[in-house]
Amino acid sequence: MLRITVWNENLHEKTDEKTRANHPNGLHETVADALREDPEFVVRTATLDDPDCGLTDEVLNETDVLFWWGHMGHGKVPDEVVERVYDHVMRGMGMVVLHSGHHSKIFRKLMGTPCNLTWHDHSRERVFVVNPGHPIAQGIPAHFEIPEEECYGEPFSIPEPDELVFLGWYNTGEVFRSGCCYRRGCGKIFYFQPGHETASSFFVPAVRQIYRNGARWAAPIMRSDVLMNAPHIQALEQVD
Amino acid sequence: MLRITVWNENLHEKTDEKTRANHPNGLHETVADALREDPEFVVRTATLDDPDCGLTDEVLNETDVLFWWGHMGHGKVPDEVVERVYDHVMRGMGMVVLHSGHHSKIFRKLMGTPCNLTWHDHSRERVFVVNPGHPIAQGIPAHFEIPEEECYGEPFSIPEPDELVFLGWYNTGEVFRSGCCYRRGCGKIFYFQPGHETASSFFVPAVRQIYRNGARWAAPIMRSDVLMNAPHIQALEQVD
Amino acid sequence: MLRITVWNENLHEKTDEKTRANHPNGLHETVADALREDPEFVVRTATLDDPDCGLTDEVLNETDVLFWWGHMGHGKVPDEVVERVYDHVMRGMGMVVLHSGHHSKIFRKLMGTPCNLTWHDHSRERVFVVNPGHPIAQGIPAHFEIPEEECYGEPFSIPEPDELVFLGWYNTGEVFRSGCCYRRGCGKIFYFQPGHETASSFFVPAVRQIYRNGARWAAPIMRSDVLMNAPHIQALEQVD
Amino acid sequence: MLRITVWNENLHEKTDEKTRANHPNGLHETVADALREDPEFVVRTATLDDPDCGLTDEVLNETDVLFWWGHMGHGKVPDEVVERVYDHVMRGMGMVVLHSGHHSKIFRKLMGTPCNLTWHDHSRERVFVVNPGHPIAQGIPAHFEIPEEECYGEPFSIPEPDELVFLGWYNTGEVFRSGCCYRRGCGKIFYFQPGHETASSFFVPAVRQIYRNGARWAAPIMRSDVLMNAPHIQALEQVD
């Protein structure tokens, strides 16, 4: 059993008709549904509307992997919530950061870089697997199409990924590192570029499979406080 | 010509006799003197005592590599100064972070991890070169001794270094990743563990050589704003 | 169920009394016994004595993870066998390379470097976990002792590990990157330094746990030929 | 002064008219001419036609960076020459491997992987800088066009690059990791994908600049034998 919390700012859904049409129960429920296709996953959701963003220590203690979607509301996430999520990642909680989550406070904090990129509105994207032995690529064809996506372009100011899994090709002439893996503290982080609020990417089977693969990859082996302290220790032995 | 600014909180010097004895003009001047042994380096210093920590945009614009030493005063460095230094690193300014600078705001921000470690007071350290082809190891023997250092021990909660250059062995039974290289944005960061305020490490010739090598390695090829913006771009071409 | 083959050159056992005393059924059986403590592992062994080194395509097809111990007989392993093992790693088979296997043909081929190191005979080793969130460190204390080991010292001419899990401290004054992870093709490779033929390392509980953790980590998600061909493809689309 | 040797198999030039038209003095002289635009470079060439491939120890001792172009004649390079080049890389000589050199014996040996890829004949390529602070990207625009290139596609079976500098976009619908940096032993290796024998890539100014930048990046700080031996050492100290 893998316990997943899908977080979404849930703002576009309130003001944009196309987003609402795409995601009648909110984008978080769309992602959650894709995850629920795996019967071993127990999935809940949380949004900006919830007290404490729905991300209390209680919730995070019971979360193996946290999915994150945000865009226009990055600044509305309180710094205490960001710190709390960060602490849980350091202790082993996994994260899957989707699309415009690249600019969320938590992702920028984990990367230590601005995570800027270039972008424009409408593209057809083709996603290529560059690391076919990687668990997140399991069952994914050599390349697959996303009929409409927002184009994210290089340079993407991230640290060199620990593992690069996917590259995106756009018919509008750009490329992007679309699937990037990081290890930070005891936690693992997967960034995945598709997922514009008004695009149909969420319903592409390969995208949904990658959500599930990402969750399994990011899941912790265990949770540990070992990296959260800076203890004074006794010298282990004294040697002349 | 390489322009270096050595930053030091300059606090222990005011209250601790042994530190003052070691560094009569402040620890920053000790480091600066080691750097000035290279006639191509132009070195200045800055401390917590200076307005704006001495780290204005004017100073940073003229700084190729910023050395950083801090310990008891990490919290006294204003967040605006941290953000300013961070921006300059993203644009290409290099950094060399010494010893207890591992817990500075700026280093933790650049790493995206807590940078915790274990420690105790007195050890003899032996530093090993693990990457002898690396520019920072140039002219350094296979291993060298530091008669007295503070022991820093693993686990050190940093991201996997892009390049690990030195490992530390302690006679008290510990090991440490003592020399770690990172690339973040357009900037390069070198963390180097020796440099306890009351230890004589600063006067070990190999340590001083490593300061100079680190400065040359971290120096930018160029400065660029390219990663500091997230521009909307025009689609490059439209393909059917 | 995880299918493991433990390969050992089985030469010291024939000529050296201390090795025979340590490993009455051969060092391969000692390692296999440690692995068999996990009831989900199905373990077999193979040696230089077997036709084709016991490493036919049939055996390798049924091997999820191959353990490798060799020393004085590296040159006796035929190049065809090395190529065959390499092909299986590229297709996803995992490898755990022990101790003096650092100089085996297969490890050097996978690394692309000489994998040289310095060494001397007798040391007490203390192994430190530097990456406590890593699956191979699961259940391993922050550091543990090996009462007697051969000392392997830096510089160890390997590529920068994808993940460094363990560092070794020796009472004789050296350090070593004792646990290193690599991904090559679809396969994963774990190098682990303890395991001198006349030392008792094989019977240290933490070492045995690391064997089992290493096997689980190196196990493939799937096997795939996708990286073993260089096909001419059709252009996917023609854009003006 | 940087001493460069450009190696080319020089086979297509003898049988293919378009190649000869492109490179009247051989492809090696085309590359050499691009390098000679930097007055600090001293450039010579060597080919399969020379005794010992023109790559004797004398030549390699005087070579800071070796450029490599090969395709149909990979198998004609004697193994002793490959071993010799490899030894020099381990001692610090840099390499820049162009285009179809991806399948050369020396590149595959250095990578430890098959270096396979997919491909087809005719594409327009657009090369993107993903790491604008990297020395090899200095002076290169955010993206530039190559009017005609052979398409190389993912998956490219290489180890995760130490630094990824360029990505290629093709109008025919593919992407590729077109500029990859590796450190092996004391040497540095840069792989650069453009450079099909019948394409005009060699005359694109940005490509020529990247040759020169690559040469500077790959140049050794020093040459050292330190990684080429596996010495028995004395225990440094004996601790109780």
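We call the chains A, B, C and D, going by the order they appear; numbering starts again at 1 in every chain.
The rule is short, and it goes like this: contacts are C-beta pairs under 8 Å (C-beta built on N, C-alpha and C of every residue); 3 or more make two chains touch, one makes a residue touch a chain.
Keep in mind it's a predicted model, so treat the numbers as computed, not measured.
Touch-path distance (fewest steps) from chain B to chain C is 1. With A-C and A-B as the two chain pairs, more C-beta contacts join A-B.
Centre to centre, using the average C-alpha position, chain A and chain B are separated by 31 Å. For this pair, chain A with chain D, the centres built from the Cα atoms lie 36 Å apart.
Of all residues in chain D, those that touch two or more other chains are 126, 132, 142, 153, 155, 160, 162-163, 171, 173-174, 183, 185, 226-227, 236-237, 239-240.
Arrangement of the chains shown, judged by which pairs touch: all-to-all, with no pair of chains left without contact. Chain B makes touch with chain C in their complex at residues 126, 128-132, 142, 153-156, 160, 162-164, 167-170, 173-175, 177, 237, 239-240. Chain contact summary for the complex, chain B toward chain A: residues 90, 103, 109-114, 116-120, 122-124, 151, 153, 155, 157, 159-160, 162, 171-174, 182-185, 226-240.
Those residues of chain A whose C-beta lies close enough to touch chain C in the complex are 92, 126, 132-135, 138, 142-143, 162-163, 171, 183, 185-187, 220-222, 224, 226-227, 236, 239.
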